[in-house]
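Structure incoming, see below.
Chain IDs A, B, C and D follow the sequence of writing; residue 1 opens each chain.
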Amino acid sequence: MAATRRPGRNHLFVPGPTNIPDRVQRAMIVPSEDHRSVDFPTLTKPLFEETKAVFGSTEGTIFLFPASGTGIWESALTNTLHRGDTVLTSRFGQFSHLWIDMAQRLGLNVIVQEEEWGTGANPQRIEEALRADTNHEIKAVMTVHNETATGVTSDIGAVRKAIDAAGHPALLFVDGVSSIGSLPFYADEWKVDCAIAGSQKGLMLPAGLGVICVSQKALKAAESSSGPNDRLAHVYFDWADHQKQNGAGYFPYTPALPLLYGLREALACLREEGLENVYHRHAVLAEATRQAVAAWGLKTCAKEAKWNSDTVTAILVPEGIDAAAIIKHAFVRYNLALGAGLSQVAGKVFRIGHVGDLNELSLLGAIAGAEMAMLDNGVKVQPGSGVAAASSYLRENPLAKS
Amino acid sequence: MAATRRPGRNHLFVPGPTNIPDRVQRAMIVPSEDHRSVDFPTLTKPLFEETKAVFGSTEGTIFLFPASGTGIWESALTNTLHRGDTVLTSRFGQFSHLWIDMAQRLGLNVIVQEEEWGTGANPQRIEEALRADTNHEIKAVMTVHNETATGVTSDIGAVRKAIDAAGHPALLFVDGVSSIGSLPFYADEWKVDCAIAGSQKGLMLPAGLGVICVSQKALKAAESSSGPNDRLAHVYFDWADHQKQNGAGYFPYTPALPLLYGLREALACLREEGLENVYHRHAVLAEATRQAVAAWGLKTCAKEAKWNSDTVTAILVPEGIDAAAIIKHAFVRYNLALGAGLSQVAGKVFRIGHVGDLNELSLLGAIAGAEMAMLDNGVKVQPGSGVAAASSYLRENPLAKS
Amino acid sequence: MAATRRPGRNHLFVPGPTNIPDRVQRAMIVPSEDHRSVDFPTLTKPLFEETKAVFGSTEGTIFLFPASGTGIWESALTNTLHRGDTVLTSRFGQFSHLWIDMAQRLGLNVIVQEEEWGTGANPQRIEEALRADTNHEIKAVMTVHNETATGVTSDIGAVRKAIDAAGHPALLFVDGVSSIGSLPFYADEWKVDCAIAGSQKGLMLPAGLGVICVSQKALKAAESSSGPNDRLAHVYFDWADHQKQNGAGYFPYTPALPLLYGLREALACLREEGLENVYHRHAVLAEATRQAVAAWGLKTCAKEAKWNSDTVTAILVPEGIDAAAIIKHAFVRYNLALGAGLSQVAGKVFRIGHVGDLNELSLLGAIAGAEMAMLDNGVKVQPGSGVAAASSYLRENPLAKS
Amino acid sequence: MAATRRPGRNHLFVPGPTNIPDRVQRAMIVPSEDHRSVDFPTLTKPLFEETKAVFGSTEGTIFLFPASGTGIWESALTNTLHRGDTVLTSRFGQFSHLWIDMAQRLGLNVIVQEEEWGTGANPQRIEEALRADTNHEIKAVMTVHNETATGVTSDIGAVRKAIDAAGHPALLFVDGVSSIGSLPFYADEWKVDCAIAGSQKGLMLPAGLGVICVSQKALKAAESSSGPNDRLAHVYFDWADHQKQNGAGYFPYTPALPLLYGLREALACLREEGLENVYHRHAVLAEATRQAVAAWGLKTCAKEAKWNSDTVTAILVPEGIDAAAIIKHAFVRYNLALGAGLSQVAGKVFRIGHVGDLNELSLLGAIAGAEMAMLDNGVKVQPGSGVAAASSYLRENPLAKS
């Protein structure tokens, strides 16, 4: 985009959008076609089935929308809830905040449990709140699985246990935009009612395809929410319209065709690598990143190891240093895109995304670049220390589990 | 998609999605990038300006959503109107019907003027209805510019005159999904408050980018609709969130990147050909198609010449012939995708789209194919007659005006 | 390429380069890679086997050169022959002429049998010449299978019979550049010693990959020609260098990588359609073209039906008409690329290529375009007559045999 | 290519083929077109002019062949020389060896000056040999500018001075396959008569386009070599055939179309970065690599700093270590393609190519990977030391000169 050509590739280490594998890129180069043709379902019908795997589901129903993940947040809320309904949720970062903001603006009554940034959803507090809700006013629990702003992963299994322990019928909505396809996710086992994914993270596609995996319980809630007066107005994201068409392989309106072809190929990539290997790889690359951070003598935004996200690491810069300056310098000088600190942690952290289609040497290049950008901006780290620590770890820990 | 390879290209003559020019296809093959980078606005900022040209606007504001045109319908309604507001509209085909259905499901009070399929919006009736609405209960007039189901184009200039003649303050919303970028469209001159376009028609892109051109008056209405209680709940399609970010070249959530690059190239294509030439070309190809229909001895769905759409021609098959069988046969036997008849005209018409990036010989191939498919299905047309008539017209009428 | 954008696609009906199927186009979009890597042979080794099918061979050896077909002509001659060797050949068009010119310039003694343009190789004369060559001075018979300049196909099976009938040991070299992959070709059955193909015709790739299928007999001749003094100097096109590397899946120098990936996909296309269906399709499209020519009241350059080429038809324009003007007009006005008349037939013919990845409606578009260009240039043909005749034939004759 | 998917990109650090910039990759995705059309010269004619810049020439003539660099070696020799002519050259690596082998097999009398591997052409010895050749038997001096096998660059300016000092009329042929477009090259200033380039190195394209820049003196020699009897037989690589067509923008046979479009874009890339910046960037990345080698305590194959190549560094592994094992391990375990040792240095060196479209972090990733592969194979280097040294150098030395 720059006026003068910058040589070589851009090193993309934001926590999404992620790198698109060549074969997925190729798969999306398709001519236009009639999405009502007799051939079209041979593309689409398998997608509705095969996409479930990345959600850890066999029982769910997949809906595919031409939309970003934000739209799918809205789809979950508007299909299942009524105006004025109460939902329970935790705020511990920018994305959990934005989802709360949406819920409020849609007219829901949102009970917010504030958690310290750098931690995640607190199952115990959730259980307490649900136990206290003896009238079952709370219709849904909303949880962000992986808070990209702080590099924190919440324990959805524990949230489920909390709901069950409270014996509460609330639906469970999980934002898995930056986790699904990268971190272990078990929608069926965790009884997630709406699991929300975007295309531009673990699915290794451009943004523009919103994916949701919906439980039978949520589908039922959607039916009962269809009364005209108090429902949350929506048509574009309506599940029922899609259900009518999806069974035969069609959509109620024109789908984003290249992304459907891309999804098919991305799912094949994940299948060929093996989802367990994919999860393991993310864990290994994340730990290598954290080894580098430790070698630099810096701290992550995540308060404890249990909160560590395996898709993104938020790194606290020393007092007196402007993380934003490091990020800008990394981009302009070294063609390295790091994630910025947002809101509460703006200027205090930079983030290294290690999500999607990535391997050791790409990550080591980014670690080297982050180190150089820090050094250039006055952070006293030992040159080469980050790569030394990360590479030693990576030598010992292959990316593939099997 | 078929199990066995079918040689040669698919001849795509549905009225959208349309053929993607090679250079636009190429432009969309981009690596992922950080949509918050310092470079990103060099891509996006010109788009907000340059896109206005295809709407015939210099004063409007462009919003770009990762969505289909259906979503943009919703964006127009939910940003400007309140629950229970009254809107006036006309129904004369499947797409005008679907928009009405959406408005009703969103909780609006919709006054529907039924017009015969094959005709379009009736300015006189609109004027009458507005004159009768002395309390100005009607907040907006919704009109589909080009009804693809029947191949009919309504006269938006006349609708505007009707509103003005009635001295009514209603907003004017126009669905230009299958007209904008192909048919003359003058949002400023016609004072269209929301002009709605999709990417997959005249913009020659895949579906997935919804575009709306909003007037100052509509922006103002959006502000006043932002009260919490009676507004039509929406966040994803909210203009205000976009306005906050668009000025600096950013978006409130991850945009559909390839489509933005594609849009830049598609606009360049339209500019290089010249919009007046683009409109003229569509008129010439459409008239050539109608010449073929006449030579076949058949009639179009459009009742009078004044209703003729220059982006799609709906052709009535003789009594006793199943148009659906012709369409299926054309696809399976000749790799030709024709548009189906929908709803009221299902089985009675097939449609030839002549919209987007197209020239004479492609159209003549499709006309030949439609003729063959008709002959194979018992329609008695003179072999070669359609191409003879269309090609004679095309020899006399160059595609470029200048 | 033009300064102002021309809408729609270019209709490519030269007899090569031919249209590249989308999936082949996609397959060629590959990053650079190390052509000495341990993975590389998984791409290349199957190519050496699978390419034989289009030559009708199981016993031959395939060599793949980064070169045009012209280079492969040179490869055949320089690997097997010595300076001053005598070869026998026929001239009946521009391409047979150019191959003769090459042989002469390489220092061979070329016995040329002149045949009327519009006919092809004469097996009887060949037999006579070989019988007369009792000393076996003639080392090779060179024949152009499909002379694209005139739209004539020679009968290679008959040439083989002529050689056998004469009991002559000469090698048989066949230029199959515009036939292999499109017309029936049986290298083993016909005992073709060097069968020469380019990538840009029946293989549906861009130019740049030269392919040769070499018999055991020719390989043996190549060994004996390797003496230093009188051999035809060559290194780039040397088979022995390739043989040393190809077995393990490598090349003596850097190969044209995208074309190798493209070849793999193109072979898959041909396999999926079925070679017999591919040949049948070319025959049907060719006959449809000839039906159009007859309906126009024009004649082909091929003197008799037995000479008709099924990959290209050369059409004689009436006296007083300049074929070159028609061709230029077709290109400029209708975006239709027709083949020009060359040498003896320059200005007298235009050529419609019907080779490669093509189906009915594309051809009918071209026939319509040729007709319009003729009419615009004063050729009195009946409007629509070509398409009427061709489409009637095509309705009766499906492209797929099975 | 592997049966199981390997995540992330392949890190390509062989000294060619090199990484293809995204925009060049895009530019090559073109439909087939008629290479005899009236539009075609608008693509080709500028190429013949603009390509000269990378050769440092305004006076030369460019020829473009569908071929690898090996073919262009042959083109230089066969167009200008006669059978039995004497040429003078130096051997100091695998590629200088192969060119000598070709010259001998073509029937030339080759005087070889053996130089130690790790050094290059010796201008003093060349001058002596030329002075001794009082009869001017030597028709040409052949020099490999950049010997990729050993990472050695010869001083072509000094070779020119040697020839001039000897007052000898020999032609000067320079293999610039791995230097042109990456290292300073001044064909006019150095009076190089044949400067030979391939597409897959500094030109950042796939292999398959051979480029030669020919002086007026060499063109004259080519004319005089065209006598029929003693010339080196050649047609495919004949300059005169090309000269006849190139002037009007055409070729004597079908060109490799995608590569021509790619060349246009690659030249634009080089122009936008600025050739001086391109050369500077290669120097900086090369020196960073050598800093890493020094930090590892290892030696390069180049004997003295003056021989250092700025496009490839050949690194000697310690006694008892098999460099081939390191290379294989780097590829299989870390998806890193390093260059192998060839011939005399097989098993003794591995090579890091730093040529083409490359920036700091990509190189640092490769240095990290090479280090890991060495450590895994028993080479005792300090973890992180290579990246520490290289990154410190890179922080001080920006890639762009201006």
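Remarks
We take it that contacts are C-beta pairs under 8 Å (C-beta built on N, C-alpha and C of every residue); 3 or more make two chains touch, one makes a residue touch a chain.
Note that the structure is predicted; figures quoted are calculated from it, not measured.
Each step here moves to a touching chain, and the least such steps from chain A to chain C number 1. The interface with the greater number of C-beta contacts, when B-D is set against A-D, is A-D. Note: the chain lying farthest from chain A is C, by mean C-alpha position.
Chain A and chain D have Cα centroids lying 45 Å from one another.
Annotation: 34 Å between the Cα-based centres of chain C and chain D.
With centres defined as mean CA coordinates, chain D is found 53 Å away from chain B. Those residues of chain B in touch with two or more other chains are numbered 9, 19, 22, 25, 29, 31.
Within the complex formed with chain A, the chain B residues making contact are 1-2, 9-10, 12, 14, 16-20, 25, 28-29, 31-40, 42-43, 66-71, 73-74, 78, 83, 101-102, 105-107, 198, 200, 206-208, 228-229, 232-238, 252-259, 328, 331-332, 337, 340.
On the chain A side of its complex with chain C, the touching residues are 22, 25-27, 29-31.
By the touch criterion stated above, chain B contacts chain C in their complex at residues 4-9, 11, 19, 22, 29, 269, 272-274, 278, 281, 333-336, 357-362, 364-366, 368-369, 371-372, 375-376, 383-385, 387-389, 391-392, 394-395, 398-399.
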